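Below: one structure in structure tokens.
Chain naming follows the written order as A, B, C and D, and within any one chain the residues start at number 1.
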Amino acid sequence: MLNNALYRLEPQAGETIDRAQTFTFTFEGRAVIAHPGDTIASALAAAGVHVISRSFKYHRPRGVMCMAGHCPNCLVQVGDEPNVRACQTPAEPDMVVKPQNVWPSLKKDAMAFTGLFSRFMPVGFYYKTFIRPQAMWPLFERILRRIAGLGKVNPATPPDRYDKQYLHTDVAVVGGGPAGLSAALAAAEQGATVSLFDENPQPGGHWRYALPAPDDGPLPDLAAQAEAHPGITVYPETTVLSCYEDNWLSARRGNRLFKIRAGAVIFATGAYDRPLIFDNDELPGVRFGGAAQRLLRLYGVQPGKRAIVVTANDGGWRIAAGLQAAGVSVVAVVDERPESEAGAVSHVLQADARVFWRHTIRAARGAGAVEGADIAPLDAQVRPQFIAGDLIVINIGLTPANGLLYQAQTKISYNEDRAEFLPETLPAGVFAAGRVAGSHAGATELAEGRLAGRQAAAFLGLAPAPPSAEITALAGQKAAGPKRSSARVDVPGSQKRFVCFCEDVTDKDLETAIAEGFDSIELLKRYSTISMGPCQGKMCAANTIHLCARHTGQSVAQTGTTTARPPLAPVSLGVLAGQNMEPVKRTALDAWHRANGAGMMVAGLWMRPEHYGNPPAEVQAVRERVGLIDVSTLGKLQLTGPGAPDFLDRIYVNKWQKLGVGRVRYGVMCNDEGVVMNDGVTARLSETTWYTTTTSSGAGAIFEWMQWWLQSGWGGEVHVTNISEVNAAFNLAGPRARAVLQKLTDADLLNEAFPYMHVRHLTLAGVACMVMRIGFTGELSYEIHCPTGAAHYVWERLLDAGRDFGIAPFGVEAQRILRLEKAHIIVGQDTDALSDPISADMAWAVKLDKADFLGQRPLRQVAQDGPAQRLVGFTMARPGLVPDEGLQIVRPTAAGPEIIGWVTSSRHSPTLNQTIGLCWLPAPLAGQPGATFTIRMNGKLEEARVHHGPFYDPQGDRLRI
Amino acid sequence: MILLNCPNCGPRNVQEFRFGGEHNPRPAAPLAVDNAEWTDYLFLKANKLGVQKEWWYHRAGCRLWFLAERHTQSNQVLKTYCWTARPNREGETCVE
Amino acid sequence: MSFKLIKQAFSSGQPPPMWKPQPLKDRYDVVIIGGGGHGLATAYYLAREHGITDVAVLEKRYIGSGGSGRNTAIVRSNYLTPEGVRFYDESVKLYGQMSEEFDFNVMFSRRGHLTLAHTDGAVRTMRRRAEVNRLQGVDSRLIWPDELARLCPPLDLSDHPRYPVQAALYHPPGGIIRHDAVVWGYARHAVRRGVHLHQLTEVTGITVEKGKVTGVNTRRGRIKAGTVLNVTAGWAGVIADMAGVKLPIATSPLQACVTEPLKPFLDVIIVSGSLHVYISQSDRGELVMGAAVDPFASYSMRGSFSFIEGLAGHMLELFPSLRHVRLMRQWAGLCDMTPDYSPIMGHTSVDGFLVDVGWGTYGFKAIPVSGKMMAQLIATGQTPDLIRPFRLSRFEEHNLVGEKGAASVGH
Amino acid sequence: MTELYKQTPLHAIAAQAGAQFTDVDGWQLSQRFSAVEAETAAARAAVALTDLSANGKITIEGHQLEALTAAVWQATAPAVGAGAAADKAYLWRLRPDHLLVTTAPEDVVATLTRLNRAAAALDGLLTITDLTHGRSELWLVGPASAEVLGRLCGLNFGPAAFPNLAVRQSSVAKTAQIILRRDIGQTPAFALLGAASLGAYLWETVMQAGQDVGLAPLGRQAVLGL
């Protein structure tokens, strides 16, 4: 058990922990006491645990540095979850927290030895190693992969519930600090609906933990006003992740993802501490001013016992005063500035605190944690002075949190005077206020927030625009305001000075990379991998630009920035995926199929019965008796109006003008490249009403294709209506089909009254149906289209009526065998993205003498030149051998096997007891029935023979009984 | 996610629509044009870096095919309108 | 441990630069527009195999700033058509020798490439590709869930997902490579052999007189040239317009993303044909993921939220245990999409103005062989047989290459 | 023909959820799932989901919709995006040339007859199609219905953007749906009309989306009682 009281202070005003309750969680096996409201990091800090992780490359010890989720130094594994930011994640009872990528333990990490060989591991070293011998590279790679990565994925991670919520708001305010709160209030007062997003449990921003400047005056309780205002909805614990076109934002709260369409967006995202680069600048115990104040004020934890405060602004002195008031002894304050530039600050310190003006830190010293710092004057080259202490507070400047402004395509430029990258040109509907826009005094932040709120309301037309005089006045107020950020980014030294904490990149590495030719900011990033780690440049991007500018002799502005990419903060795949929504289409008979032994198969978005246990038996039932299949998945389109025949003539290769009422015709549809797009039968139900079926997969696409031609210029007097789901459809097929159907209707079903390729409206068992006599299976068959609601009833009446005739349901597999026995093609299987109907053995359907139709020009060419390749039937020399679909047809030549075609369909035919199939062959070979060729099967060439026409009932007599 | 102003339904997320490609009218008499013009229609593309006239289909909505003028660099949509000469929602005749 | 590294360890000075800046001449025999992998490889092979060194590579930003630096670095040759397979297989072989040839480790990691089939139609296409591959001497075969489970344990092979995995096309030689290293390798060795590399030199116009190209205009002045090669995937149409050449290309963004680094657990590349997503784990432990091309043409590289939403949904169908894994960054590159998913290489109607474009989502795989072939074409004036199927004139000859089946779903 | 049973696309799911069925105009409709009072209370307090797929749904395509509406119901056709009550029917304008007419199950046939007769007297093409069997019709009833819909669809369901008697067409849970708002008394209510084959998927997806706000199934009896 770790002693929880070691660094816990007396209750602090405004702290967010509940001291009355405690619970424990484990860190590296040891129990840690925490209060509700503690994060993992605050509880560990209270228990005096300084080292939480090890760095990626040199495995250097790392601890809490920013306490704001921006740096990578507190990444831990929490149960199944890798790469958790300990400083942002609330501690919970019985959490199992472990350090990542360390062995055997955090304290004694074996990989720390790499630090000794850093001389041999300069920037880009992996490009210069493991080159020879090439064969050894896989072995080296396996070693590299074992030491790579941080957290672990548990293959047995249990599922969890995630969801998403769309939001619509006039004004979205990102950041609930002083500027954000005043902006929200100002916009709401103009009548806008406002959504305010803040990543912390309570809004208030830096006012929650920072000691306000003396001239800030009493701090109005804006958070309470915002929460009370009817026009404002506050979303706490919600991190805005991205901003895309037309103010489309995303944000996360726990397992919920918000997708927000905002009329206007105000970014009041504040700023966070910018690191200073010096020797051992990432030693545990080096903490930013923000981190020290958060630990102190929010969690009542001493950031250290004896503090050395390194600063360049009056804020550093307020932090020293705050630490001192909480019982932390401040041993020294080191300020870059001359005393003349500081405010009246030095009086606040305890007597024995040492003050250094025009000084900075040269190095952090200590084994595994801070034991002191080397301080040196800026204007003289003298030996640094060591000062003992266990806490180094770095408060030399701020980086505006402008990631979302960059994403919103804001033009941001470097302000030399204030040493910060500030917004210069904001896109329409995007506004910025507060520390992200360079305001560093309480009053200015509030004023800029109010102004942004009124500008946003004006942009939405809810209020007049604020006068430009007010805008220029505020700009003057900001320019005169206090400067927080030092222009100095680094202090030369003799040990390692880390610019990028995620990837362990030092300033020397950058200098070497630039010398090697990687002298643009983007090339520098890709070669050194700087800013490519978990913090995505929050800690290192600004400093890298300064160093790159220095070594390339360019200005900071010329150096430019790397592209800021979403998401602003890492977000889990579970949150991004949300609730699992994968649409699935079920026919009206779905439940019946599953209850009657059907093996279901995926067919596009549909689920269909593939078989009912024995496909050959199902084939036999259709050939000898009668079978019933559910074909409800077919596309069904209704064409109405006098313009229908012309339209059909234009989109099909067939002719339709003279198709009589009550007749049905098989049609093939092509595009203007002459490629087969779809096929199906079309029935003329009346003078001006047609009923077209399409393949299951083509249903939606063909409707859109027809609408395209209708609405873009070919629209005669015709409507196309998608009625695919209005009717279910079954195919009653087999020699006894008529007998079965006759039991459900007293209509005359004999050939003369109801011939092949005709359509009739029949009442079956009291249900009005449309029935077509077509022959995909090659037997006498009736395709019954009945209202979907009555499908279950009609299906069961058909099965009842068919029981005496040995009726059996059959699935897609049996249907594929039956159609193959008739050599009928399946578009999309026997044809692909280059097949035309003439080559696919459907020349009979192509009526080239028609007026203009889709595909006419290329098909005339194919008809004239003759197809190069043709789709034909084949049988095998050894009848028992069934070549898998997709096998290649190969002609042995001197230069080795030459591919001349491939097998598109193949089955063993139970009816003919031999192998049958369809394949593509060169036209000359395909034109000779009986000609032989070879299919490559398991490395051997197996002989096959060309077969023309259907394998079964070539004359089609059985269709017309 | 850009907003596309469907002439019938008003502004909607682009995910509701299907892109129909740059405006590329089919030759009035395909058999009469030479191979170069036919190849240009079938395969070649202006693929403009700038404001492009293109087709969109409101697949999840009212199933209207309509034209848009969008800058292909910023994805900013300048205007949308129907092809045929019939009144759209605002009553203004949108003539192609 | 290479000798270079030991020397660098003990010398106080900086290592030698990869490429030195050179003067911009007003005339070159060959001007290559586009400083990505294809352009630099062409320059390299012109110098190395044909002794042509009066060559300038003009890049408007920094080398590798286009597609070469934005792809997910998958190298494979399991294509559908014989022409495609032969071409990409030559590329895989060249990648295999690259580290030694450049004395620069491009980290080509052959780890096996698996294209999942979730429908019977997809199984048929995978078998077709496997058979075509094997006939071209390329190692690909159809495997079933039992073997798939051994190769990729984290994959969910149950019937729980919406589209259960039925089979996969296993292509052992497929792998991933450090794409930037390929660009830098070619740049260093092209410059070392005398080629001039000019970054931040944007081409603003191409001059053509009497049907023959005579040079280019750039932001840094006019350059005369005998041959001008357009190798600017994504902007191919913009550059071709300057020469009055119209291409069968629509530019669409292709997006990708990367997760925070994880202890490596995924040692193969997984591509799903039906779900249009793919994933591999880099040697730094990041999961690199992508999907199909964007649903509408655009030159915007801003990326979209719907891309990472859709990708996450499908990825969790394949790997449910990844739900905690955090996505760290998304980006986009631009792709030239052609009607038959095959590239466009060779002559155009303007004499001396050549193209090596139309690379869709699979240009990176072809860098070495394209460079070699374009160099041979420029040097000899004859189109090599290997790339004849990809000539621009194939569209007016209606002789398309049928890669649509493989490439449209593969990555 | 009493034993003539028409089933809605949600029949199997309703049976699984323990529905008791009743016969209305030949349809087997889920009368109730649990105690009617409990279902009514849930709908009034939070949100409930009910299957009314047997309701009549007729689409009319053509350019004489104003004339047709006047002829059949002596009413003016609503503007695009709006709905209007008419005799034994509600009219919803989807497009200048598309009108959707919704009715109770028992009024479909009569409405079709009146429409066809009126259309015959007008010139120009008018296509009247009975989509009743082709579309599932799920209703979300209750104050939290807009919130649940806001988890599945990107439209703005706020009172101003989506007032009572308004119609929109958009993507809901990745499926194309016609969304009607027709409040029942003071209780907000939205209908989702989409492909029948997707009805079961939509029911399951909506139920899961509304789990944390207490979404529960609602029978026909409770709906009539609202």
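The working rule: a residue touches a chain if its C-beta (ideal position, glycine included) is under 8 Å from a C-beta of that chain, and two chains touch if they have at least 3 such contacts.
Because the structure is a prediction, the values reported are computed rather than measured.
Peer 1: Decide which interface, A-C or A-D, involves more C-beta pairs in contact, and give its chain pair.
Peer 2: By number of C-beta pairs in contact, A-C is the larger.
Peer 1: Compute the distance, rounded to whole Å, between the mean C-alpha positions of chain B and chain D.
Peer 2: From the centre of chain B to the centre of chain D is 32 Å.
Peer 1: Nearest whole angstrom, what separates the Cα centre of chain C from the Cα centre of chain D?
Peer 2: 51
Peer 1: Between chain A and chain C, what's the gap in Å when you average each chain's C-alpha atoms?
Peer 2: Computed value for the inter-centroid distance: 22 Å.
Peer 1: Provide the list of chain C residues touching at least two other chains, using ranges where the numbers run on.
Peer 2: Counting only residues that touch two or more other chains, chain C contributes 302, 304-305.
Peer 1: Residue numbers in chain A touching 2 or more other chains?
Peer 2: Within chain A, residues 244-245, 248, 259, 261, 581-582, 584, 673 contact more than one other chain.
Peer 1: Where does chain D touch two or more other chains at once, residue-wise?
Peer 2: Only 154 qualify.
Peer 1: Which pairs of chains touch one another in this structure?
Peer 2: Final set of chain pairs in contact is A-B, A-C, A-D, B-C, B-D.
Peer 1: Residue numbers of chain C touching chain A in their complex, please.
Peer 2: Those in contact with chain A are residues 1-2, 4-6, 8-10, 14-20, 61-65, 69, 82, 96-97, 99-100, 103-110, 118-121, 123-128, 130-132, 135, 153-154, 162-164, 178, 180-181, 184, 199, 259-265, 267, 283-285, 302-305, 308-309, 311-313, 315-317, 320-331, 340, 398, 400, 402, 404-405.
Peer 1: Over in the complex, which chain A residues touch chain B? Could you list them?
Peer 2: 244-246, 248, 261, 672-673, 704, 707-708, 711-713, 715, 852, 856-857, 860
Peer 1: Which bits of chain B are touching chain C when the two form their complex?
Peer 2: 1, 14-15, 18-19, 21-22, 35-36, 39-40, 42-49, 52, 54, 72-75
Peer 1: Show which residues of chain B lie in contact with chain A when the two form their complex.
Peer 2: 1-3, 13, 18, 20, 25-26, 29-31, 38, 41-42, 55, 57, 59, 63-65, 74-76, 82-84
Peer 1: Where on chain A is chain C touching in the complex?
Peer 2: Of all residues in chain A, those touching chain C are 56, 80-83, 101, 119-120, 122, 125-132, 134, 137-138, 141, 144-146, 148-157, 159-160, 162, 242, 244-245, 248, 250, 259, 409, 511-512, 515-518, 520, 522-523, 526-527, 529, 532-534, 536, 563, 565-567, 570-574, 576-578, 580-582, 584, 601-603, 673, 828-829, 832-834, 858, 861, 884-888, 890, 897, 899, 902, 936.
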